[in-house]
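So, here's a batch of structures to check.
Common to both upcoming complexes is chain A, partnered first by chain B, then by chain C.
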Partner chain A sequence: MNQVLEWLQFVLAPQMINGLSIGVAVVLMALGLTIIFGLLDVINMAHGEFYAIGAYVAVAILGLGLSFWWALLLTPVLMAALGYVTERGLIQRVFHSKDRHTLTLLLTFGVAVVLEDVLKIIFGANPLRIESPIPGGTEMLGLFFPNYRLFVMGMGGLVIVAVWLLVFRTSLGAMVRAAAFDRYMSASLGVPVSRVYAGTFAFGVALAGVAGVLLAPIYSVFPTMGRDFVLIAFSVVIIGGMGSIKGAVLAGLLLTQIQSISSLFISPVWNDPLLFGIMVLVLMWRPQGLFGKLGHA
Partner chain B sequence: MNTKLIATLVAGAALSLGAAAQTGPIRIGVVTPLSGTYAGIGQQVKWGLDMAANEINAAGGVMGRRLELIYEDEEANPAVAVQKAEKLFQVSKVDFLTGTVNSGSTLAVGQVAERNNRLIATTVSFADTITAEKCSPNVFRVNARAGMQSAALAEWMASTKPNASVFYLGPDYEMGRSTVAAFKAAAEGKGAKTVGEVFAPLDNKDYSPFFGQMRSARPSVIYTSVAGNDTVRLLTQMAEFGLSRNVQIVGASGTVTSQNLSAIGKAADGFVTGVGYTPNIDNPENKKFVGAFEAANKAKPDLYGADSYGVLFFYKAAVEKARSTDTDKVRAAMRGIQWATPQGVKTMRAGDHQAMQDMYAVRVNSGQFEIVGKVPASAAIGPDTCAKF
Partner chain C sequence: MPDPHISSPRGPSALRVFTYLFFFGALCFALLAKWMGDVFFLRLATEALIFGGLALSVDLLLGRVGLLPLGQALFFGLGAYVSALVLKEWSASFWLSMGITLCVCAIAGLIGGVIAIRAKGVYFALISFGLAQVISKIVFNTRELGASDGIIGVPAVAVVPGVDSGDPLGFFLVTLVIILGLYVGLRYLMETPMGRQLSAIRVNEHRVPFLGFDPWRFKLMAFVGAACIAGVSGALYPMLRGFVSPELMFFQVSGNAVINVIVGGTGTLIGPLYGSVLLTGLRSVVGSFTAHHQIVIGLLFVMVVILFPRGLVGYLAPLLQNRLNLPTRNRGEL
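Let's look at the complex of A and B:
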C-alpha cells in the first residue's frame, strides 16, 4: 500500500505535472492554428515557422539590452504586424479562388520553407538560448519543480482564458465569428470583412509568437525549431475538431497526459505512433473531431 | 580532336610524369568536405595540412622533393568522395591521399586505394571498424578512434569516481546505441555499475519525462551521447530540474562542442569527455603549433586541425625511412613508425594501422575545456582485432 502511494506521489504525480507543462505549450501552438482554420478556413502550414520567428524576435530584443519581459510584451505586437502583412500581401491574393484550400496550403508551406532559411541566413545554424528569467525551483509535495515552468503554465492558462473571452464574450469576437459564418451577410451589415480576416490571421500568428518567446528558455532557439510542435499541434487540432477552441484545449491537455504517462511504461520512441494511432481512431469514430462540426467552415 | 593528337598528348603527359616521379614534387591528394554540413571540419583539415606542407617545404621538403597538396571537395558524401579519389589517383597521379572526414567516405576511399595500390590515411574519422573488422592494408588512421575516447573517459571515471553507479542516456539510433554500448563495456570493465539506461528519440524536445526514472535510479554519474541541439536541451533542462546537482555528467566527444557550448552556457560546466587532442596540452611543441596556427588562421586548432597537421609528418617520416615513395616500401616503413606531433610522439600499430597516442579527459570550466586526466597510449588503445593482414 505504501509503495503504491509512493509511486503515485514520486513517479506518477511529477510525470503528470511535466505533462501539463508540455500540454500548455502544445495548446498555445494549437490555439493559433485552430483559430486561423476555424475563422479563415486556411490551414497555416507556416505556423511552426512563426513560432520560431517569435523566439528569434525575442533573442533580438534581448540583444538590444531589453529584459525578457519587454520581449514577452513586444514580440506579439511585432508578430501581429508580420501576420497582418502576410495575410494582406500573400494569402488574400489566393483566398478568393475556387481552389482556396489547395492554394493556401501550398502558399503557407512555401512561406514556411523560405522563412526557415531566412532565419538560418540571419542568425546562423547554431543553437541559441535565452536565459531563464525566473531561475530556481519550488518544492511541492516533496518534489522539485522549476519555477519558470510553473510560470509558463500559469501564463499559458491566462492566455487561453483571454483568447476564449475575446472570441466569445466581446463584440470584436462576435464580428469575427459573424464574418467567418457568412462573409457576404456580414459585409452588407458593415463588417470590414477583409480587415477582419487579416486581423484574425495576425492574431493567430501573434499567439504562435507568444508561444515562441515563452518556450525559448526551455527548448532553446534554432532555425528548424518550428517543426518541433507543429506536428503534435496539427494532431491536436484534428482530434479536437478543426476550428474548435474548446477542442484544441481539451485534446492538447489529454494527448500530452497520455504521452507522459505512457512513457513510464513503454519506450518513448512510441510517443508519435501512439499519438497518430489515437488520431486515426478518433477520425474513424468522429470524422469531425471531438468538438468539430462537419461541413462548417 | 583526332586520335593521333590524343596519343601524342598522352605520351607527352606520360613522359613528363615519368620524369617528375624522380625529381618533381610529391603529390598528396586531399579529399575533404569543403562545402556542406562538415565544411567546418574540412576547414580545419585544410588549415592543418597547408601549415604542415609549408613548414616541410620551407625546411627542404621530403628527400629534397617538395610536397604539393591537391584538394578535392567530397561534400561529406561517400559517393562523391569515391569519384574524387579515383580522379586524384588516375589523373593527378597522387602518391598519397588524406582528408576524408565521414567514416563512410574513409571506408569507401580505402577500397579505391586498394584497387589503385596507393596508401591513404584519415585524420578525422572515428568509427572503430576502420581499423578493426573493416581494416585495409592500404588504410592508416593517425587520429584516435571512438574506443580510445571511451577508454580515456572510463579510466578517468574509475580513478575519480570509483565504483560509480552510471545512468546512460543516448539518442535512439545507430550512433547513440553503439556509443552507449561501447562506453558501458569500458566502464563496467573498470568496476562501474549500471543503474539504468534510456534512449530518447533524435531531436527530442523535452527530456523531463525521463527525469523521474533518472532520479529514482540514484546514479552518481550520468553518461550521454546526444549531440548538437539535443545536448543544449538535455543539459539545460537537467540544470532547470536540479538534476545536475551531486551528479557527474560525462559524455561522448561530440556531445559538447564549440558549436553548442555557448548555447548550453553554465549548464555545461563540469561536463567531462575523452579526447585525443585539445589546444591546452602542455608541451613546447603544442604551444608552438597553437601559436603558429592561430597566427595563420585567426582560429584555434581543434583535434581535426592538429591531426591533419600531424599526418604529413607521418608520411614524411615513412618516406624518409623507406627512401622511396613506392607503396609497398612506404607501407612497410609506416608499420610501427614513431613520429612527432603536437600531441607528442605517436606510434603506428603495425597490426591494424591504428595510431597509438596518449588520451586526455577534459572538463568544461566556464566555457573552456581544461585537461583533468591523461591516459597513456598503451592503456587506451584496446586489442588489435584486425584480421585482414
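Let's look at the complex of A and C:
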C-alpha cells in the first residue's frame, strides 16, 4: 500500500505536472489553429513555423540585451503583425476562389517551406538555448518542481482564460463568432468582416508565438522545432473538433496527460502512434470531433 | 480543382500533345546523354521520373478524386524499403521485388485507406499527414530497419538480360517505360466507368449515392491505386541509389510531391511529370549555388498557387487547345 502511495507521489504526480506545463503550450497552439479554422476555414500548415518564429523572436530580443519578460511581452505583438500581413498579403488573395480549402492549405504550406529556410538563413540550423528566466525550484508536498514550469502553467492558464473571455464575453468576440456563423449576414450588420478575418489570423499566429516563447527555455530552439509539435496540435484540434475552443482546451490537456502518463510504461517512441490511434478512434466514433464549430455551438 | 477535361473528344487533344512531347523529349535526352557520355544528368533525370511517379499518385487523389494527400511519401517509402529488403536479403530479382512491393503496398493502401477515407476534405489531408508521420517515426526508431541510417548496400539488379540497374542509360529507359506504363494505365482507367465515378465524386460527392453508387468504395479503390503507383515508383529508388533512408517517408517528400503536382498542373496527369522534372532540375541547379534551395521552390510554389492555380500544363493546355481547334472551327464556319 505504502509503495503504491509513494509511486503515486514520486512518479506519477511529477509526470502529470510536467505534462500539464507542456499541455498548456499545446492548448495555446491548438487554440490558434482552431480559431483560424473556425472563422476562416483555413488549415494553417505554417502554424508550427510561426511557433518556431515566436521562439526565435524571443532569442533575438534577448540578444538585444532585453530581459525575458520583454520578450514575452513583445513577441505576441510582433507575431500578430506578421500574421496580419500574411493574411492580407497572401491568404486573402486565394480566399474567394471556389476551392479555398485546398488552396489556402497549399498556400500556408508554401509559406511554411519558405519560413523554415528563412530561419535557417538568419539563425543557422544549430539548436540555440535560452537561459531559464526563473531558475531554481519549489518544494511542494515533498516534491521538487522547477519554478519555470510552474510559471508556464500559470501563464498559459491565464492566456487560455483570457482567450475564452475575449471570444465569449466581449463585443469583439461576438463579432468574430458572428462572422464565423454567417459572414454575409454579419457584414450587412456592420461587422468589418475582412478586418475581423485578418485580425483573427493575426491573433492565432500570436498565440503560436506565445507558445514558442514559453517553451523556448524548456526545449532548445531550432528551425524545425515546430514540426513535431504541430502534429500534436493538429491531433488535438481534430479530436476536439475543428473550430471548437472548448474542444481544443479539453482535448489538449487530456492528450498531453495521456502522453506523459503513458511514457511511464512504454517507450516515448510510441507516443505519436498512440496519439494517432486515439485520433483515429475518435474520428470513427465522431467524424466531426468531440465538439462543434466556432459560432455554431 | 480546375476542370481536367480540357481535351475535346474530336480532333487533336492538347494534353496528348503534351504527353508525346514529354516522352519524346525524354528519349531525345537519353540519346543526347548517351552521345555526351553523361552519367550525372541521367541519374538525376531517372530520379525526377521516379518522383514523377509519386506525383502521379498524388494527382490521382488530388486532381481526380479531390482528396489532398499530405502523406503519400508513406507508400513511396514503403515501396522503397520493401524493394530494398527483398533485393538485399532475399533475392536480387527485379521482378520478384516489384511483385512483392506491389502486394505489400496494395495491402498497406487498403489499411491506410480504410482509416483515411472515412475523413473528408481537410480531415483527410491531416489524417494522411499524421499516418505518414507516425509510420516514418516508427521506421526511424526501428533498429532492424537500420533506424536513421536506413538500408545501405542494395545490390544492382538485372531487369531484363543485358539491362542492369547499375547502367545509367539502361535504368533510365527502364524507369521511363515503367512511368509511361503507369501513366497510360491511369489515363485508360480514367476513361472507364470507374474513372467517371471518380470525377463525379470530385464534383459532388453527395449526389453519387443517389445515382446508386457507393462513393466510399470508389474512393478506397483510388486510394489503393495511388498507394500502388507510389509504391512501384518508390521500389525503383533503391535500385537507382543503392540505399533507402527514413527521409523517404518524411513530410518533405510528400510536400515536394504536392508541389510538383500543383506546379505541373493538377488533374492533368502529365502535368505532375513535367512538374517533377522541372522542380528536380531546379533543385539541383539552385542547390549547386546555395544550400537554401527550399526557399526558391517555396516562393515559386506560393506564386503558382496565387497566380496560376491551374499549374503549368493546366494553364498552357487550353491555349494550345484553342490553337489546335482553330482549323476545324474555320472549316465549320465555311
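To be clear about the criterion, the second predicted complex is superposed on the first by the 292 of 297 C-alpha atoms of A that agree within 3 Å, B and C clash if a C-alpha of one lies under 4 Å from a C-alpha of the other, contacts with A are read in each partner's own complex, and residues count from 1 in each chain.
Keep this in mind: a contact is a pair of C-beta atoms (placed from the backbone, for glycine too) under 8 Å apart; a residue touches a chain by one contact, two chains touch by 3 or more.
Predicted, not measured: the structure shown is a model, and the values here were computed from it.
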| item | value |
| --- | --- |
| Which superposed partner A:157 touches (first chain B, second chain C, both, neither) | neither |
| First, second, both or neither for A:269, with chain B first and chain C second | both |
| First, second, both or neither for A:22, with chain B first and chain C second | first |
| Touching partner for A:149 - first (chain B), second (chain C), both, neither | first |
| A:126 touches, of chain B and chain C: first, second, both or neither? | first |
| Touching partner for A:173 - first (chain B), second (chain C), both, neither | neither |
| Footprint overlap on chain A, comparing chain B with chain C | 269, 272 |
| Partner chain A, residues of chain C touching it in the complex | 1, 62, 68, 115, 118-123, 125-127, 129-131, 133-134, 137-138, 141, 251, 255, 258-259, 262, 292, 294-295, 297-299, 301-302, 305-306, 309 |
| Interface residues, chain B side, partner chain A - complex | 172, 198-201, 203-206, 208-213, 216, 228-229, 232-233, 236-237, 240-242, 259-260, 262-265 |
| Footprint of chain C on chain A - complex, ascending | 37, 43, 90, 93-94, 97, 99, 101-103, 105-107, 109-114, 116-118, 120-121, 227, 231, 234-235, 238, 242, 269, 272-273, 276, 279-280, 283-284, 287 |
| Residue ranges of chain A touching chain B (in the complex, touch as defined) | 10-11, 14-15, 18-19, 21-22, 126-129, 131-132, 137, 144-146, 148-149, 218-220, 222, 228-229, 259-260, 263-264, 267-269, 271-272 |
